[in-house]
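Lettered A, B, C and D in written order, each chain numbered from 1.
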Amino acid sequence: MEYIIERASSFAGDIDFLIVLIAVLGGFWLLLAEAVLFYFIVKYRRKASPKAQYITGEEEVSKKWLHWPHYAVIVCDLFIIFFAIQTWVKIKQTLPKPDAVIEVVGQQWAWKFTHPGLDGKLGTKDDVKTVDELHVVVNKTYQFKLKSDDVLHSFSIPVFRLKQDAVPGRTITGWFKPTKTGQFDIQCAEICGIGHGIMGAKLYIETEEEHRTWLEHQRMAQVNGNRINTAKK
Amino acid sequence: MSHDHHEQSFFSKYLFSTDHKVIAMQYLFTGMFMALIGGFFAYGFRMQLAFPGIEVPGLGLVTPNLYNELVTNHGSIMIFWVAMPVLIAAFGNYLIPLMIGCDDMVFPRLNRLSYQIFLISAIVLIASFFVPGGGFSGAWTSYPPLSAQAKYNLTPLGAPMWLTAVALEFVAFLLGGINFITTLMNSRAPGMKMWDIPIVLWMIVIASIVFMASAGPLIAGAVMLLFDQIYHIGFFNPNKGGDPILWQHLFWFFGHPEVYVVLLPAMGIVAEVITVFARKKLFGYKTILYTTIATGTLSFFVWAHHQFVAGIDPRMANVFTITTILISIPVTEMCFAYIATLFGGSIELRTPMLFALAFLAEFLIGGVTGIFLGSSGSDIYFHDTYFVLAHFHYTFVPIAIISVFAGIYYWFPKMFGRHMNETLGKIHFWGTVIPFNLIFLPLFFLGLAGQHRRIYSYENFPELAKPYLQDLRILATVSLIVMLSFQVVFLFNFFYSIFKGKKAEKNPWRANTLEWAAASPPPHGNFPELPQVYRPPYEYSVPGRELDYWPQNEKA
Amino acid sequence: MHQPIATTRSATGIPTGRLAVWWVIASEIVIFGGLLGSYVMYRLLHDAWSIEAANTHTLAGATNTFVLLTSSLFVVLGHHAAEHGDGKKAFRYLWLTILGGFIFLIIKSIEWTGEIHHGFVMTKSLFWAFYYTAAGLHALHVIAGMVIMAIISFDTIKNKNLHRVELIGIYWHFVDIVWIFLFPLLYIAK
Amino acid sequence: MSAETSPKHYVKIWAILVVLLILSVLGPMLGIKLVTLLTAFGIAIVKATMVANHFMHLNIEKKYISYLLIGMVLMVFLFVGGTSPDVLMPEGQHWEKQVIEQPVELDHGGHE
């Protein structure tokens, strides 16, 4: 998986493992079934086998050819269920203690983010609000509060393997922990109207220093903005 | 029975007929017509995806709104106005009375009414493309609040019309379903016991029952959504105390069983075709029947796997993961039984058989890729990506296209009394199946790369705008155009053969089931004398018999 | 038009018409079930709805329940008469049933007029939206039943197609049962 | 003719139904929530069963019709069961929703 798309969160590896596991188990059965199918088609074509046999498939002798592979499939299913639930519980059902909390709000057709300011707390005066830009620090655990202003949106970050719908009227909490610096895509993965195709945001995963610089820069801009506003009045 | 040879006028014969065969043809042709529209829509948005911003020949510039409208209605049409009418209504209407050996459906006029309502629904849908604001563009799942409020979806007329069309279509199929179920239950030929019913009929009727049990909540939901759209009530509006998630449940409680509603008849058609062309008895008739019932039942317990990340309670996801993975058990058993049927057969690769085998081969891919989506952990990544899209096209195209072609090529001699051209059929087969794989295999890969659905242009997403991904999109589009153009071969073959094809005898495939005991094409009233049934339907190559088939109605 | 042989066959032992009516009812159960299930879930979530529900007219609802129960009695008596080949009597009972339907609808419209005058319209709140949707859907079924019954009655009086009295009867009882559940859901639970 | 299908029997059933109806109206007047629920919905179920059995003749119909209808009712319960964790609950694991109660304004006019 990581050859196709990068991994940038702590749980991306779990999901990729699950995908590979299913690919191996499912792929084995798929190839086996297809191989048998094509073997039969070739072996029992009219030229090679002019007269068909009479097999009801109701006797135990012949039924076991269905049942044994079938039991094997069930065992594979159990494996898949186990790992699927394990991954799910880790990503969606547990909330590790966060280093910071951010707020994510979807609207037609932009993502609005509220970052905690220099004090590291959300809901204080120095919160930094951005549109279509999310700045996080690498190797820090983040909790996000996901909301929507109008219709359904889906907060999706492929490199994190993270996806969660934003539902109007609800606040959904989730978490992630970036593990790699860089600049990545944030998508909206749920159709949200005419501008669905432009509803992309940027994710900046930064080091601690870079993030601090950015926050300070934002703070300055905010102060300047306020000054301009006051001057206008 | 068919002693009344009075001349019927064109209208009473073709438009207001109560004959199940004519109604089946009406459904078939309406479905084929709608498939052309759906295919054209697919061409429109695939062109935009491969070559963003070009003037699509025959359609013009695809704006974001038009793009959404195209994908929405492509999905709706292909499922509600192609798969359903062709697989259930057309084949059900045609086959049920013939295969159980009676003269018509039990309620011929109800049957006609069902088609008329269906026709109106199709007309309402098509009309919705031309109203101010354009057709509905909120995806075939029609999630509120987007679908419920015109200020969000910008289609004040298109959305209610789409919803009305869907609701009417449901009513049509409820009426049709009641007719199918009662006909099969009550009107079987004397001597036809439970285990003598051809598997395709079992599957059509079980599908009708599943449809009936699942569509109810959505009909209620459609009324609620319609009131939301027209009167701004807010059943699904959180600002008025409603809950948008409720619609998702209503929709998928229907929507997932719906997959099996169309899958089962397709499996049934394939069962008929492979037994005839392999000259084999169906492997484990009862096993297949039980797995069918198990699939139908289990299909009600899996719906929320479409909503894993949609805001449902995460604890529920575990329940639905388990049920979803479990449903693979009966379905694999069914597929294994089909493959086992080929064992020891004498396979003749005529066009219907090619399509039937292609169904099995392709559907297996669709089934296995479904596991990625049914297991909650990996669905976090795959939800609403092209992986999902490729997966369900690997199930729906075999179901609604490939198996339907198998059925049409197989029953064509019965329907029109003539054969379709075999060479053209084979050209059509390879021209359909190879491009089909070339369309959707790239899409699997695009899905793995994180490409999400219903985006008119990926230029806004740098990770997805890479040139090699664009090459894959172009490959898919070109394959689609190739596939669509090969359908011309089919259409030519189909209409040419209706009038000029080689004349067919009564039972050209040497098959067992009762429809082959009627003349080709069967007259009004079907059988000169209603048949009796003496044995199960798949007695091929019985040892000690000179002929390798043994019709159900032949006295020992 | 002549009836196909298919309709006269009965492999299950249940006459085709009755079997079909059972399936119609089966499909109706899920339609009403989906609506009422949604209503119940919303109702349990929103405490304030019981204040709204206090504005419904219990007496009107109860009277209507009584009217429908009585009409159910008439239609089953009509079925009894039809079974014994007495088309005239069945005809009378069918029309008594239709009359019951009329009274039901009249009471309903008086009740609704009053409520609408007091401002309890559909758009007022979701409770009223459900109230009118559910009762309205039910009323449509009542009207449909009355129309079908009227059509059937003219065959019945000529002693033709007497088995249809039972079919419409079963449907009418089902409509009655739906109301039996609507009544406590919309009126009593406050 | 069996006793099950005589006019007398029907009238008797009808009388019981009317008595039950009166009970279900009177029950809530006590003002006890449990009694209200019991009389309202318990009696509704009893009434529905009586109508189904005696008027619709489910008691003398083939058994599978009853199973069919019960199966459909179970479908509804299945739907409600699967849906209620999201729709019925104001909050769940890692999510909560704002429950908007609409204000009761009795003097509100019949217009938007």
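What we mean here is this: a residue touches a chain if its C-beta (ideal position, glycine included) is under 8 Å from a C-beta of that chain, and two chains touch if they have at least 3 such contacts.
Since the model is a prediction, treat every value here as computed from it, not as a measurement.
Remark: the per-chain Cα centre closest to the mean position of all protein Cα atoms belongs to B. Distance from the subunit A centre to the subunit B centre is 31 Å, each centre being the mean of its Cα atoms. The geometric centre of subunit C is 14 Å away from that of subunit D, both derived from CA atoms. Averaged C-alpha coordinates give centres for subunit B and subunit C that are 35 Å from one another. In terms of their C-alpha centroids, the spacing between subunit A and subunit C amounts to 49 Å. Of all residues in subunit A, those that touch two or more other chains are 92-93, 167, 169-170, 172.
In subunit D, the positions touching at least two other chains are 72, 75-76, 79, 83, 87, 89, 93-95, 97-102. Of all residues in subunit C, those touching 2 or more other chains are 12, 14, 23, 26-27, 29-30, 33-34, 37-38, 41-42, 46, 123, 125-126, listed in ascending order. Of all possible chain pairs, the ones that touch are A-B, A-D, B-C, B-D, C-D. Subunit C contributes residues 1-2, 4-7, 9-12, 14, 16, 19-20, 23-24, 26-35, 37-38, 41-42, 46, 122-123, 125-126, 129, 133, 137 to its touches with subunit B in the complex. Of all residues in subunit B, those touching subunit C in their complex are 1, 4, 18, 97, 102-109, 174, 177-179, 181-183, 185-188, 192, 212-221, 223-224, 227, 231-235, 240-243, 246, 250, 253, 530. In the complex of the two chains, the subunit B residues touching subunit A come out as 64-65, 67-68, 137-139, 143, 145-146, 152-154, 238-239, 243-245, 278-287, 308-311, 314-315, 317-318, 321-322, 325-326, 328-329, 332-333, 335-337, 339-349, 357, 360-361, 364-365, 368-369, 371-372, 375-378, 380-381, 383-385, 445, 448-450, 452-457, 460-464, 540-543, 548. Remark: subunit A residues 92-93, 95, 167, 169-174 touch subunit D in the complex.
Residue ranges of subunit B in contact with subunit D, taken from their complex: 213-214, 216-217, 238-241, 243, 245-246, 249, 253, 300-301, 303-304, 311-316, 320.
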